[in-house]
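Following this line, the structures themselves.
Next come two complexes built around chain A: one with chain B, the other with chain C.
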Partner chain A sequence: MVEGAGRAKAWICGVLLAVCSMQSAFAEASRPDRAGFAASLCGDGAAQSKALDEFVRLSGEAAIDDLAVAGDLLRGMLERRFLCLGDATLLLDKAGASEGRDVASGTVHTAAGGRSPVLGLRQRALVETASGIAALVAGETVELRSKGLAAVERRMAGVPEAVLVRAHKTESDAGLKAAIGVAAQGAALSSTDPARRLAAIGAVADTPSGAAFSRLSALKTDQAYRADAEFRAALDAGVARVERAIWIGNGLAVLYNGLSFASILFMAAAGLAIIFGLMGVINLAQGEFIMVGAYAAYGVQEVFRRFAPGFLDLYLLAAIPVAFLAAALVGIVIEALILRHLYRRPLMSLLATWAVSLFLINLVRVVFGSQNLQFAMPSYVSGGMPLYADFIVTWNRLFAIAFATATLVLTLLILKRTPLGLDIRAVTQNRDMAACLGIRTRRVDRLAFGFGSGLAGLAGVALCPIYSVNPGMGTTFIVDSFMVVVLGGVGTVIGTLVAALGIGGANVLIEPLYGAVAAKVIVLAGIILFLQRRPEGLFAVRRRR
Partner chain B sequence: MVDVTRRHFIGTATALAAPAIIRPAWAADTVKLGCLFSSSGTMANIEGRLNHVVRMAADGLNAKGGVNGRRIEVVTSDPASDWPLYAQIGRQMLQQEKVAALFGCWTSVSRKSVLPVVEQNDGLLFYPLHFEGDENSKNIVYVNSPPASSVLPAVDYLMGAEGVGAKRFFMIGSDYVWPRTINKQLKAYWVSKGVAANAWREEYVPLGFSNFQTLVNQIRSFASEPGGQPIVVLTVVGSSIPDFLREFANQGIRATDVPILGLDMVEADLEGLDTAPLVGHLNCWAYLQAAKAEANIRFLGDWAAYVKAKSVPFSADTVIDPMVSAYDSVQLWALAAAKAGSFDVPEVRKAFAGLSFADPSGYTLTMTGENNYVSRGVFIGSVNEKQGFDILWQSPDAPKPVPFSPYG
Partner chain C sequence: MKGAVETVPMRAPRRLVPALADDPLLAAVIGLVLAAALALVLLQPAPYLVNMAGQLAAFAILAVSLDLVWGYLGILSLGHGLFFAIGGYVCAMHLLSHAYAVTGVAPDLMQFMGWKSLPLYWWGLTSAPYALGLALALAAAIAFVFGFASFRSRVNGVYFSIISQALVYVAMLLMFRNDTGLGGNNGMTGFPLLFGHPIGAPGVVTGLAVATLVTLALVLAGTRALVVGRIGRRMLACRDDEARLRTLGYSTTRLKLGIWCLSATIAALAGILYVPQVGIINPRVLSPDLSVEIAVWVAIGGMGRLAGAVIGAVAVNALKFWLSAAMPEAWPFILSGLVLVVVLGLPNGLLDLATLRPKPTWLRRDGRLG
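Up next, the complex of A and B:
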């Protein structure tokens, strides 16, 4: 306590002295305090918590400079730039640098032998809050301050009211000022002033989420709820509003989850639909073409890393044609070497493609190893954005959905608008007749096989932000994609699309009710029953035999 | 014709079988050890490493003159993450290859499928994973910790003031024996601590499951309910772990909101992930790569050198608990065989009591002598931004293993 009081005094001294603009005296007076704060961050969990709690408690009044310095320190701690070196503490410019500035004296010092403190979960939460407060109040750019506000809002319960009041007063950016105002209003849920409480209920209900629902529902046990009719009405209205928003948000989430799962299924199955539909080849190596596509994307990434590190974020886009061509090439080679000889023997072609699948898996394993590949995920496929209530749009899934849509459009265009597509459709419907009309069916087979494999390669690119990339990744898709193709009806892209949407949606709907294991079983049983009634699938291509 | 064929057949069969029948493995100047670790399927990324570690340990022993004057020969296989295949290959190794001991299995379901095979053939299986306990075979050596000395200390830590004071628990596991047993024991443990039954949720996914969107949505809504600090107890295995972590981070949940205790999560699962948004999640093992010990520095150096020399297709800088445990297994077997002066399973088993040595974790690994369990230290690790784990807590000493849990 004595130590704590001393430190509080030092903070207040800092404020007073800064006002008197006695720069040298200020530096002298606050130095031991800063060093003391830094030193306690090097202590055990209890010492860290104590120092951080106190910092948060006093942060409403502390001097801007002190907050800025502490903010620097705390951010450094989260970014692993803060080192403890005996009694001294160092702040590095970047994690892993060989030297850094001493926190107390500002002199440059070697980092050798320093240890960066490991934060327990409780302490990490405190550091995040404290560093958020410092950024909100003393951050230099609007971006820094709004990041600070986001951090503070995550843990509103632990933030003193004075911090928000102060930040609101000093904020120069109008948008951010308003946001801070709303946050401050929401923080007053348990205020003693009835008017502020009503405003707080409104503010909380304006940003609906599961957490907001819990906060508001908790107020129903408050005595004001029984005593004050106005309060009760406001609270009931607020809770109802939040409830409705959560309900809509959850509905959107189900739609989004279903759509994203369906787009993954569709991409994995699209190539298969063409190959199976055209040639009747049950291609068990389809999953491995997906893997080839993903590995091609990895290759593109490595090329970018080496030759154009500045454009690394774009490698995923550059990988699209490369992955398509790589998988198509592998497909064409396999068709020319193996499948061509087996068209009249479906069982043999099934076994042959299985062998190809094993061969590709083991080839990749020998060349690259079986560990997960390291992808640098660009910002446009990592993280997500809260859209409405508890509904978050995750960028990697959105990428997959967009990708699947583009694949669908491309496939339809090629099949319906190009000479190759016309040939493919003709051969699918009646191979012998097409041959009689002068279509070189063998060439069409080869190109179509290449096209189907290329589509699988594209799926590989879209999947690498979502799943781990390793030699065995393809095997997980093969059962699902056959399910989609058979349900959709052999040889139709639209059928594949509808089947993918159906299976994806059914999985997502059943999962929360009966669990993921039961969802798989129920969907599979449903498909079997459906095929009993309609063996040709949802959309059958009319064939002439 | 028929006679000739039959005679032919019998002759050929005898000729083929003869070497295996006449000659025990150690009749020559080598002794064989068998590995049952998958290098394909959902467990490939993590189990695959263990084959190489067993080889490395054997090479180390061979360089010192082998065991009982015999050179060790390691026989590897690929059970392809297909549980019955572990039993089938294990039987082949014991009956045809005449291996002196088996080292293998990651998942409990694979161990359970090998169990009857080693018991029928009186073989020895060294099992390098921490697991659910509740099993004690004289033919299996459990070289890692049962729940009482791994999971429970970690859960205690999270429930305590030093951790986050966890009050509510979301259990999510792969659907097989290990997660189900662990969760059963945890629930009984929480009941004994006075936690109400509505404070937990339990969900299972098929092995190799990867589409975690809906489950992470459920975790978020579970977390926003009132009732105290929630945590996730994660018992999914294999490729599901990185897929779950990625979705968890993408939906914006941080360790300071809802920490994950990943019971099967190792350094290798973080390879290929951006761990900056995952910092702070926890795991618990008997070894972490960050362990401060002379033996650990030596082990890390040996592994890096081995990877380089044999161009092993795995990372030279990643070492996980089961690798160290597999290494320890070979050392234990060698110590016992040397003490017994024999490779006979009953003799080797008799020699187990009281064996101990300093393993890379910095603790002394000891065979209890009462059963085939070992006592080892406990670490709680916290994910850092460099795809590894920092040590958050470690036990003062190596607790005595409790094979049968009093809970559940």
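Up next, the complex of A and C:
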């Protein structure tokens, strides 16, 4: 097998060799002697350094296959698979193997009597860099090449620009290509050629990020900054541009986080607002319905893991209806067993739902334990897309926002376009009149309670890629979602939406300035003040009670 | 004794003794409380029993303060833990600065915060009367600001409950921070002295418990006098139909605000008495759950009756002391079950068991209360 692979590699090398020799006569002329290179690696420190320096200097122009072979040698050296045996050099398949191939002839030799060349500190660094260069340019997999880039970046000063330019040109993987571009820019920034440096400053400022900022501001200590007016002007302009872009990018990120927080709040509060508008019951267990939704998502994940591991990525989508139904079912059961008896005593229903929440939290704690649940993150909710400066559109938050938007549309459709929605609005506006007209208000109550609970369950699915899931998770959101209901007004979905956006936005806007606690204090004070003007909330439904 | 719940008497008795004679249950409770205080002095039981009696009495005072606004005024506060904590925190500050002044040993808090001396807002707290006044005034002031904003804009019912819950929640977040200078997450603990005596000494423990019990008796007598008087009649009227009372020309805002501030002050008093007995105060006192629990005590004991609040607080907490040691896993389930049973089956709490009148008719007729 190994023999076969070796032969195949040799064949590929041969083909590459032919291609390269056709391409460039220059490469032909400057081709280092492989056997000589290997031999000098067996020499003393000075000989090793000379050979390695030479290799690094020429690596920008060297043929691919030469780099590949040299890369093999150097990696072998670092892994102690490279042996010197008199004049010959051997490369073993693995450290400590009894025989290996002769580097010059390719024949198999016994390793007996061979020694690994000793590397000094400087030589080891050189070998690492050289091996990195070889891997970066000639590595066969993306992983090898990105390891090579990491090695090269550690000692950027000694690496010729041509290496990075070349690697950037030939790289096929987009992410790695960008990384190489950044590294090349960095190298250009410390170039000795002023024109190149100016161009590099412009290029770095074109792709602003926190890293670009620190890289540019580091240049202010460069002596050229004091000596060269043109350089100074270019650098100052570049830094200013990057700063502005970072500021905008951070602003966008804050808004984005606020939007995703508001989305979760909206989903938690929409059900609350509908239920409150309809029955005057504040459901203190709404947070626990969120938890039920999240745990249902976990259950779906476990089922997928057991029965359809190939489709594990889809569990989050499959969990959407399951979580809705699970939370709705719990809600309907609670309504039928408990709340039905308490509609005329709203304050007692407050205590009853608190008892339910206490019960659910502890039930889940006993059954599942109180640790955070581990979720497998499907590909569509992990990672993100860099949009501008340091602002990354993360998929998990986008998922929550899209989810909330879909929920909003669905809720509005159900309330405005279905018979159940008509009933709910009628009972909300005037319960007695609706009952007189033959609407079965008790049934409407039950269905609406189930619907509202189901919405909380959906919130649970939306937040499990973002927040940690544990029995006490509901309490984190519950006070905020109450405030959303109070601010938005009773029984209006639009009011809930506006209030969720307002409270979510205010929280994340104030947070970076004064801290999370101050944000909550200010938001609460703002709500109390707002209620002075409009005790009914932003959008109150006209109704009789 | 007509129903289990206080109803508006035709003519309000003006004096305390007839007021108590009207409610034999409350008179019995007050008698029991005083008897317990006497027993602690005479029988000298084990210190942990004495301590427990003192803590239960402090909780009972807290429950009475909530019953005053919920049972008699229809305002359910889910943030009464805030006023309790204000009393507790100021008391802890007094104990620490007092000990610092007497012994000269800097409290842990100062070392933790890296203070050379106590900051300005601790000034004067070595004096017990000033600390007492400050705690009560602070609780009343905060209650006034919050109550004024809420009652003026006619925020009531469930709205008021959840905003008061948000208030205590925000206060908890605030106190969890270290830079408030009140111990942050750890709170304040390790009080060595009370009025110059070692706080763990049997005499001090008994003294504290007796003081708390006597305070409870005084609070009960005082609130009873209040609720049977003219103001009390207005309170019940406001609870049953606020709009009508307002139409009749009474300022319900002023009435509610006054009682609300009084209730906050009583809660702060409970906090003051509670902290030296448990020896610690931390932000967990401000957790919204604890504030709901106060309402649970009142509901279980029987809201709208002062005796009910005491019975509920003592029964639930005694059960909690016992069960959270015996089977901590089961306690939340028992508590939630208890709440559901009471809420669904016994609208007036345990007092219903005594009168065996399951559902008084006013509950069905009038949706406002409950």
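Criterion: the second predicted complex is superposed on the first by the 346 of 545 C-alpha atoms of A that agree within 3 Å, B and C clash if a C-alpha of one lies under 4 Å from a C-alpha of the other, contacts with A are read in each partner's own complex, and residues count from 1 in each chain.
To be clear about the criterion, contacts are C-beta pairs under 8 Å (C-beta built on N, C-alpha and C of every residue); 3 or more make two chains touch, one makes a residue touch a chain.
Predicted, not measured: the structure shown is a model, and the values here were computed from it.
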Q) Will chain C clash with chain B on chain A after the two structures are superposed, or do they fit? A) clash
(Q) In the overlaid three-chain picture, which partner chain does A:486 touch, first (chain B) or second (chain C), both, or neither? (A) second
Q | Partner chain in contact with A:384 - chain B first, chain C second, else both or neither | A | first
Q: Name the contact category of A:346: first (chain B only), second (chain C only), both, or neither.
A: second
Q) Between chain B (first) and chain C (second), which, if any, makes contact with A:268: first, second, both or neither? A) neither
Q. In the superposed arrangement, does A:517 touch chain B (first), chain C (second), both or neither?
A. both
Q. Who does A:366 touch here: chain B (first), chain C (second), both, or neither?
A. both
Q: May I ask you to decide whether A:282 touches chain B, chain C, both, or neither, giving the answer as first, second, both or neither?
A: second
Q | Of chain C and chain B, partner touching more chain A residues | A | B
Q: Figure out whether A:121 sits in contact with chain B (first) or chain C (second), or with both, or with neither.
A: first
Q: Could you point to the stretch of chain C, among 7-15, 133-141, 277-285 or 331-339, that collides with chain B in the superposition?
A: 277-285
Q: Could you list which residues of chain A make contact with chain B in one structure and with chain C in the other?
A: 361-362, 366, 475, 516-517, 520
**Q.** In the complex, chain C residues that touch chain A
**A.** 70, 74, 76, 78, 146, 149-150, 152-155, 157-159, 161-163, 165-167, 169-170, 173-174, 176-177, 288-289, 292, 295-296, 299, 329, 332-333, 335-337, 339-340, 343-344, 347, 363-364, 367, 369-370
Q: Going by the contact rule at the top, pick out the chain B residues touching chain A in the complex.
A: 39-42, 44-45, 48, 158, 162-164, 175, 203-206, 208-211, 213-215, 217-218, 220-221, 223-226, 239, 242-243, 246-247, 249-252, 254-257, 259, 268, 271-274, 277, 279-280, 282, 313-315, 382, 384-385, 390-392
**Q.** Of all residues in chain A, those that touch chain B in their complex
**A.** 45, 80, 95, 118-122, 124-125, 128, 154, 209-211, 213-214, 217-218, 250, 253, 257, 260-261, 264, 361-362, 365-366, 368-377, 382-384, 386, 390, 392, 394-397, 466-473, 475-476, 507-508, 511-512, 515-517, 520
Q | Contact footprint of chain C on chain A as seen in their complex | A | 276, 280-282, 284, 338, 341-342, 344-352, 354-356, 358-359, 361-363, 366, 475, 479, 482-483, 485-486, 516-517, 520-521, 524, 527-529, 531-533, 535
